[in-house]
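Let me give you the structure first, and then I'll get to my questions.
Chain naming follows the written order as A, B, C and D, and within any one chain the residues start at number 1.
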């Protein structure tokens, strides 16, 4: 009954089977193997474009590498004030870019508003030698508040960013969850809407540790191989990243897993909404729910063995994963109702 | 019949089984899981000391992180001129240290000689504000030429380094192969001989992608968690690194795998030594052999489907792995003999 | 009639004379000259403590070097949202620290409030591997709004910072102006109040280009010589920095120059306050005034040849320098009065 | 009688006079002053091309900034093993480039041989993801051994470098001395021979602290303003750098000063060559002489108050400056002769 995060889940059986099966025999290292070639082709197919693909093992590595090719050391990356890059990566973007500055923007529901971005860039100091130079926009899909940017919102943000000469990065840690939520195609949610480079997440949705940098502008790919290597993120036995991604993206597994996680979150939200006194903070677009439990209820749930994280003074975060058991969801709702009644 | 490197091998069945078995159920992320706790305890047991342990996925990450806590940005890391850190990491040490300088030392058989280190440090510019400051010694065990530093050699190097105020890092990409070769204990080959921090390799010897930084001086561990995180090397689903390491280190698996690889290399060397005109370049202490094939032989072997790498104008490198088939070894020897005869 | 900044002024005649006089003859380079030794002794005398002293040529260099010894690459520097370090140094702190993060705090009158710092540090994520680690407080005296932190305010901030394990840096670009404003001693305004390292500014107050890092904690000085050198800020002909500083600090010149600048700013403020419709935004503690001119007045002043800078939509910044002519001050007041009347 | 270095000399009277004269009145800061505009125009005139010009205060800053726009963090800068950048800048190139690697090349008389560069680049690992990528050539004119690259040698090196896709930087710490030695034009010694970016030294030849980055390829200038600022090398009172450079380059002062220094070195070399047992190590092209004194002579000279530096076990370095007194030169020769006789 662990709703702490989607990274407390293990890995999907299909992914594990692929690893076991693909482990036999020799394959050339550092990506010169047939599995990696197949994964690249598959991603190009899914995204309907000639993207360059760089598998990595963590989202932080993917995000920071992406920023390092979008933003010079004297540049600025615009992001949400609550974004993973700003808050939860211990300075990885600064490290990989060689000291660039993140420019945090507030925004309702964890999303950057187009107007706020526009206003910030109007005062961004472009061309002024005393200021870091606006270079990139990075935002998270699903956002850290569990909300999905619509395709129109993405296009608006990317349009403003491009209009000011910035490159655009999408942190797709929960890309599949967003895709399922919006019901659009990978191409529509990315390069067709103006994304230049994407961290395509697999880890949170059934892989062990596998992400792919998907680069839609070829000139951004030129440095990435070298930067990945010197960051220690070029796997010698690359096949083991690629096998995960191959299984993940085969036969729609990624979408099925995300759909399951989203459905459990929706089930959880629907259940909690029936409980008086329980408030859900943001639109539940994907697999994350932010709940204002009364303190007694929150403590009661924790005591009963339900795991979730403290988001801020008021909110708890509950995350459903590819393998969340509906029975656990129902148990949580039932326990909440019981505890609420008791507290009332 | 791929002798290109030990990283062209897949993963040991025991490691894969552990992953599959450990994938079920929820576990807290970022290392707060019971597997990681067990691995740390096991490593402490094996090394007979209270070391701090940081699992990472690649050797380059491990090495560069180690250097980043030994060496300030204005410091110098002494290493062999042919070392992985100097030649094959695309500047990872420089990246992680914030711009430190590697000071390459020549040395026979891929090993740094104590006298050479002493002489270099005597002219190292310690205290001179114009010079990078000698801060660390890093060497590879097995060396890049397949040779093992003896315990006495390690102690001599570490003694000199410590005498000049340097920290000492061992790149143990092939640690188990060296251990088997020397027949000593992990403790004897490391902290008892003066090693301050070790990259304990698993990837080349049967893991998918798993190494552990083993830190023998507690003050060196203080920054490592933060540095690992900002480098994108803190796995959210850490259990999947730890499961590999746990299986790898259980019941002597790591030593059995290394012993197999070493034995195949010895078999290969013995076989090749019976062929007139074939020269083996360095002592074959572990699982790597460097062979001066006559060009016609080398080309004949390649044409016959034997994979190995070009080391320099004269030498080819052949590496045996945990899963090298003795039949492949014998086939290579037979083919070499046949081609040599033909060429003569 | 240039009130644009105190850096549009030239240099004090005493400083120039010292340069000319000290230029003759040979002196050892890189700081091993007698002038530098005398300057260090003088600063120790003025600050009544055994500080380490490192002359540099720019305030940005001084500030960034100071932060680089207070804050690790994975650390955070708390500063005012409008501080020079945050806004006007094109990422120098990030560069010198190897990618640390500035944590901007709002605060009235350009000053960080103790409570705000305390609250921010309470949520600073100390010990959390996902967060940059709070490492330093840096604030500007005079602040960027021309206000002076009182000794009590400095002590309060430093106390909170130290209580959380942070080091404390004072950017003293206008140190002398603040000293004159507060009427306290250099020691009282710095180490006695908890400052660990100071950028003692000379450039804005009569030097050509000379600042001194004054380090009150010996352990912070250990790395500074190397860091200054590799940043290209160790002058070979160091005497020319030291000669400026020596003349600047001799016979109270620095205090006389600052007193003059402050007095002109006070005169200007007093004059402008007599003009109806003119608002002065912050307390005028030193040599900077922030004025809300009606647009017509502002444009009229510019057209009449008065130079000043636009601070934001509402405010203009006017700065008096060591050589500001009282007649220019009076002319500005008179012109403002005339233009205001006309506009009314 | 200080022959320790040309940086033990003070500053030329013309430079000091310009500073004093130009210090009066207000000028806009950060380079928006008329003196800086005039200096840029003068340098363009002297170099007969539309170069971009960036004044800085130290050669280390100039060199490191130059490399930072030629070489990415994962790149390599080829230089002489004895070059200032490699040996004497405490890692400044690594710092400014974000961790690039210097690739030191041996070479007689302090000069890189074209063949050696060609051979090194042929094995430079271009395109190999495991290797730092060859990006720049940097060499020193005069070399650290006091020798001048001929125009043909420069063109050969630059041709090879460009042929491999590298940019070319000249560290012109003693540019004027080389120019006088070769008798060619600034254009011939730089961009006409393939130099992309030059550190034009002034400090060692009569300035207090003034160098200019002269950028012959406009695309290399794009980032320099930002990089200079964030390195703390954008002077607020820029006029004081520009006034030095203006005076230095006016009416051939720089050439006269260099000619004097070179002439004194020639006089010194000629004198020493008449003394039996005294060996001069490299061609004396400019103002530096490397002498193998018998130990007794060397000690005698030091005891007699002659200052010079120890270059290595065998050689002493003696440097003449713009203000070296011929009487001091003659005194040194006489003393050497006397001591040699006594020792014999």
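Simple rule for what comes next: a residue touches a chain if its C-beta (ideal position, glycine included) is under 8 Å from a C-beta of that chain, and two chains touch if they have at least 3 such contacts.
Because the structure is predicted, anything quoted here is derived from the model rather than measured.
Ranked by separation of Cα centres from chain A, the top chain is D.
Pairs A-B and B-C differ in how many C-beta pairs touch across them, and the larger number is found at A-B.
Inter-chain spacing, taken between the CA centroids of chain B and chain C, is 51 Å. For this pair, chain A with chain B, the centres built from the Cα atoms lie 34 Å apart.
Looking at chain C, one finds that residues 30, 73-74, 89-91, 94-95, 98-99, 129-130, 226, 229-230, 234 touch two or more other chains. Remark: chain C residues 2, 4-5, 7-11, 13, 16, 19-20, 22-30, 56-62, 64-65, 89-92, 94-96, 203-204, 208-209, 226, 229-237, 239-241, 307 touch chain D in the complex.
Partner chain B is touched in their complex by these residues of chain D: 73-74, 87-91, 94-95, 97-102, 129-132.
Across the complex, chain A is touched by residues 30, 72-74, 98-99, 129-130, 133, 223, 225-227, 229-230, 234 of chain D.
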